[in-house]
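Letters A, B, C and D mark the chains in the order given here, with residues in each chain numbered from 1 onward.
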Amino acid sequence: MDVLHCLARFGFIAATLVTLAAAVMVVSLRNIFHCALALILVLLGVAATYISLKAEFFAVIQILLYVGAIMTLVIFAIMLTSKIADTTVPQTNRQSLVSFAILAMFDVFFIGSVIKTSWKVNAVTMAANVDAKVLGMAFMNEYVFPFEIISVVLIVALVGAIILGRSDQ
Amino acid sequence: MSGIPVSYYVIFSGLLFSIGLYGVLVRRHVVGILMSIEIIINAANINLVAFSRYVAAKPEMGQVFAAFVIVLAASAAAVGLAIVLSVYRNRRTIYTDEINLLKW
Amino acid sequence: MGYAYLIPLFPLAAFLIIIFNQKRLGHKSALVAIGGVALSALLSTGVILQVIGGTTYHDTFDWIRIGGMQLNFGILIDPLTAMMLFVVTYVGSIIFIYSQGYMHDDPRFPRFFAYLSLFMFSMLGLTLSNHFVQLYIFWELVGLCSYLLISFWFEKDSAANAGRKAFITTRIGDVGLFIGILLLYSVLGTLQFRDFTPEFLSQKGAGHETILTLACILIFAGACGKSAQFPLHVWLPDAMEGPTPVSALIHAATMVAAGVYLIVRSTPIFSAFPDSLKVVAVIGTITACMAGFIALTANDIKKVLAYSTISQLGYMMAAIGVGGSTAGAFHLMTHAFFKALLFLGAGSVIHGAHTQDIREMGGLFPKMKITALTFLVASLAISGVPPLSGFFSKDEILTAAYESGNMIIYYALLVTAFMTAFYMFRLYALTFLGKPRKDIHAHESPAVMTVPLSILAVFSVVVGLPGSPYMNHWFQTFLHGGHPEEIHAIPFVVQCSIGAGLSGILLALILYLALPKVPEFLAKIFKPLYLLSSNKFWMDEFYQAVFIKPAWALGRLLFKFDQNIVDGAVNQTAVQTLNLSAVQRWFDQTVVDGIVNGVGAVTQWTSGVARKFQTGLIQNYLFVLVVGFILAIIVQIH
Amino acid sequence: MEYSDPIFVVIKKGILHFLHGFLPEWTVVIISIMLSITAIAIFGPVTMMYLTWLERKVVGRMQNRWGPNRVGIFGLLQPIADGIKMLTKEDIVPQDADKVTHFLAPVMVVIPALLVFSVIPFGRGMTAVNLNVGLLFFLAISTLTTIAIFMGSWGSRNKFSLLGGMRAVAQMVSYEIPMVMSVVPVILATGTLSTVSIVEAQLGGKWFIFTPWGFFAAIVFFLCGVAEVNRTPFDLPEGESEIIAGFHTEYSGMKFALFYMAEFMSAFAISGLTVTLFLGGWGGPVLPSWAWFLLKTYALIFIMIWFRGTLPRFRVDQLMGFAWKLLLPFTLLNIFVAALWQILPSPKNLLVSGIAEAVILVIVFFASRKDSPTKRTYIFAD
């Protein structure tokens, strides 16, 4: 079975690499619509990552919410605002190089420190599989208060969005 | 896939995060910035889920909070895009460095 | 009897309901108003029955507290209040019903009923109030309502002017009333009616007789204003410009009676200071005579009634003045009924004949029977023919006058009684009897108007009986709160009054039916008198000359003064100021501005430097933030 | 039955067992996966081809025509002919179209349509992948179609395409919500998200469509499904009479065929899922399970075609109003009814929830009828 494991791990690594590449495209492409498509790719890659973490439910939620809902919103917004594919317009401002340098520095440092640390692995959580039922229980029992709060927040945000987006005539 | 060490996920999310941050710092297009923010949020979520799987006290903890984060991201996207639209309607531009009324 | 509080509130509610949706209600508003007043009539019936049962009620709650001084609202229900309630609510409801027919075609129908309801509310409030200030408030409200209703047809200049006149004239009296109240408070330190017991007055008012007398006279001045007594009576005849139901309700039955009510209410004070009573008596008598005399020659049906009202009010005042306050109150009640009846009858006549000038009428009897009959009843009642209500009350008054021993007043009143009978039947003859002088297509009014007439007729027959010797003056006893006052009818007085009444009636009928030439002839003979009467003693002209013209003159004078002296002074000041400021200007521009500009320059320079940091690009800020954040982490770890 | 029912399973088993002899273990696993994939990859297109044939036949009969009847007996070979034609047609790409997007769109649109087949239980033990979140997986994947359609519509720089795309996205996003909501009662009843166990919960004729909530939920779900796959009366995105062909105006040849295929496959998938959720899946007497499944599914597909033959097209505002004002509140309340059904004892719950259902239906209907879309007021045109 180790062959399968190798394959799976290889696939997973490929997925992450694709995701990163897509993310780079998101921040670098000139055509904002292509950026949106790349972002979709990123989100799918993240979903794959979730699957690799045995959080299938969560992966599906990711697709349903992000790809289904949020991305549609984003694309709509892109459509409603103009000059999408006008590649003559510079899409980055003047501080791109310096911030790139800074962030690269940061990443090097970050990766170094992450590798240096030794993570202790909790066997119990490794064994446990978290499916919809468990999550539901968690939401309804010990996280019920934040759950309610978050739903209120959501409603408020949506109402606000409607009021903001309403055209004036 | 228990073979993959947690540090791998952490690095992955860190890179994703910094890419998103780069986008936020650099993009002129407001929607671009919003998308970069989505990337950042996803990076954070990956961390949550990964840690909830590897080193958390309870297995579902991280996922619960990741779910909260997703909801917040959704509302942020909704409000943000609504703002973008109204700004575009009033100022006819969606480039951040042209929306500088606060300057003086 | 706490529910007495509700009595005024029903009309108020009706007012609010109607005024806020006139369009929607339309003619239904009349029903609302009638419902309101009917409900309060119901409640007040309960109150009256309890009072007759012998209970009185006094309740009060805090309204204002200023330091030691405290004003409190409340209601006081005693026999007098009960009587007023009876009059106001019953006459009121009847007139409401009547005016539904009378105003039927008016475009502002709902507003009319709104105003009526408002008036009802304030009148009831006035009746129930236990306190001079409260009474004053409702007093003014009533005045306002009368103003609104007199000038209800404000398209007519005459109506508008009449309204204004009424308002201003009564206001003169009201100022007096207000000052009077203040004086009372300053001396006695209380304004609640029930505190004014004789002993309280005697021991508290000792040493202040003059002030208190003055206060009484001032209060009486207020009463004069409201119930059109001699100097201030001029507004009432003009007030006839308003719709007839208004004249009936406000200017015959209730509001003008408010003055009398006020005096009766404060009889204890007045009787504590007899001089004031004398004033009341004199004024009352003068008013009675004069108004009656004017009424002899008035030709407008409503004017005649107006003047008769004035003279009857004078009657009541005189009665109070000579110490027969119960007689006054009694007459107030009877008069309210038959005078309301008279006015409504007049209204029905006007409604049918479309004219107000009695010289154009005549021979209306066959055309409008019910109106004519009820009118006859009322006329008989007012001219004091036994056993109708008017007789007993008037008889009471005459008796009181006789007993007071002041023969001038007595005979003056007697003459007035005669004149009353005379002009009433002159009016009646000219209007209903004889043959039509002009072909006016008169027709009987609808049932909604005639039925109230009939009801009122019945009332004005029977309402006198409680005070009559047959029921051995139950009413007076009742007013006196139980313990009876001995009233022995003096035959001489009775004969006199009957004689006066009947002779007046006969004379009038003879003169105006049998030999209609005579009146002109008489008018020619007594030219001066006739002129005096028909020009209403030149009262208006007199006021015009004595008060209004001088006021204008003074105004012009003041204007001139303003123009020349005051403005001159102002201009001079201005010029001087200019000179001074020239100096200051120089100082400012050189020294002060120098400093200010210096500061400004410095600030500008520094801020020019600081401004470089403020790019307005959010991403720059964010960038700095991120850099700082990363540095912080690194430093934290190493 | 005993032998005909698991026939496909048996075949697969056989193949695997045969291979097991000489191949290493992991290859066998991979091959077993491959087998399922191939099965689906073949099944999908074939279904699509014969759905087109079926549709043309049925609509033809409804319009009193014969429909395709030249190529092969009953025109059974017509789809193949069409396929050949499609493949040989010239592939036109508009000049300043966004090449990449324009190319990727048809591919992207087929992928989800094929993926969803993997969780549909075609018969006993005939589910490609028995995910424990299968149902949610189905819904999630089917939303990807939206993006694909949008890519196509935007990629081919064309007003009508863009309009079609806009419409498509708006419509799909709107109808997704009542769709998911109408599924919730089923999850409530079965307590699982796996399609297989949902079907097993309905075995023995306990179909959810026979419960009050299930009945209405099924109707709503099916309608939303029809809207999701943009078929009449919800076919605004490709309304020929309004916007030439909507999002696939600029597509020709195989790309167009792919769009077409996607549409029909998702139509099949939706019907299949409706069957799975409410009509007892492959459960049924006598016939083998897969036969039952196909029977029910084709019945539903026939209804879809029937719609197409009968109903006129919605208007945009009517469409939205229908989704947001009628379906959404109704499905929300429906969840409560399902909960009632769950908590009450057996004989009582039928009555109670039935009454509740009726009341809710009436209320929602009248409440939404008050402001049901009337004639549009044109803001810009005059």
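Quick notes on this structure:
Keep in mind that, in the parts below, a contact is a pair of C-beta atoms (placed from the backbone, for glycine too) under 8 Å apart; a residue touches a chain by one contact, two chains touch by 3 or more.
Source: prediction; values computed, not measured.
Greatest centre-to-centre distance from chain D is found for C, with centres as Cα means. Centroids built from CA atoms put chain B at 7 Å from chain A. Computed centre separation for the pair chain B/chain C is 79 angstrom, with centres defined by C-alpha atoms. Between the CA-based centres of chain B and chain D the separation comes to 33 Å, rounded to the whole angstrom.
Taking each chain's centre as the mean of its C-alpha atoms, chain A lies 28 Å from chain D.
Touching of two or more other chains is recorded for residues 21, 25-26, 96-97 of chain B. The set of chain A residues touching two or more other chains comprises 61, 69, 76, 93, 95, 99, 103, 106. Counting only residues that touch two or more partner chains, chain C has 617, 619, 623, 626. Under the touch rule stated earlier, the contacting chain pairs are A-B, A-C, A-D, B-C. Residue ranges on chain C touching chain A, taken from their complex, read 617, 619-620, 623, 626-627, 630, 634, 637.
Against chain A, the residues of chain B that register as touching in their complex are 1-7, 9-12, 14-16, 18-23, 25-29, 31-32, 34-36, 38-39, 42, 45-46, 49-50, 52-61, 63-64, 66-68, 70-79, 81-86, 88-89, 94-97.
Put simply, chain A touches chain B in their complex at residues 5, 8-9, 12, 16, 19-20, 23-24, 26-27, 32, 35-36, 39, 42-43, 46, 49-50, 52-55, 58, 61-62, 65-66, 69-70, 73-74, 76-78, 80-82, 89-93, 95-96, 99-100, 103, 106-107, 110-111, 114-115, 117, 119-122, 124-126, 128, 130, 134-135, 137-139, 143, 146, 150-151, 153-154, 156-158, 160-162, 164-165, 167-168. Contacts from chain A toward chain D in the complex involve residues 1, 3-4, 7, 31, 33-34, 37, 40, 56-57, 60-61, 63-64, 67-69, 71-72, 75-76, 79, 85, 131-133, 169. Chain A meets chain C in the complex at residues 93, 95, 98-99, 102-103, 105-106, 109, 113.
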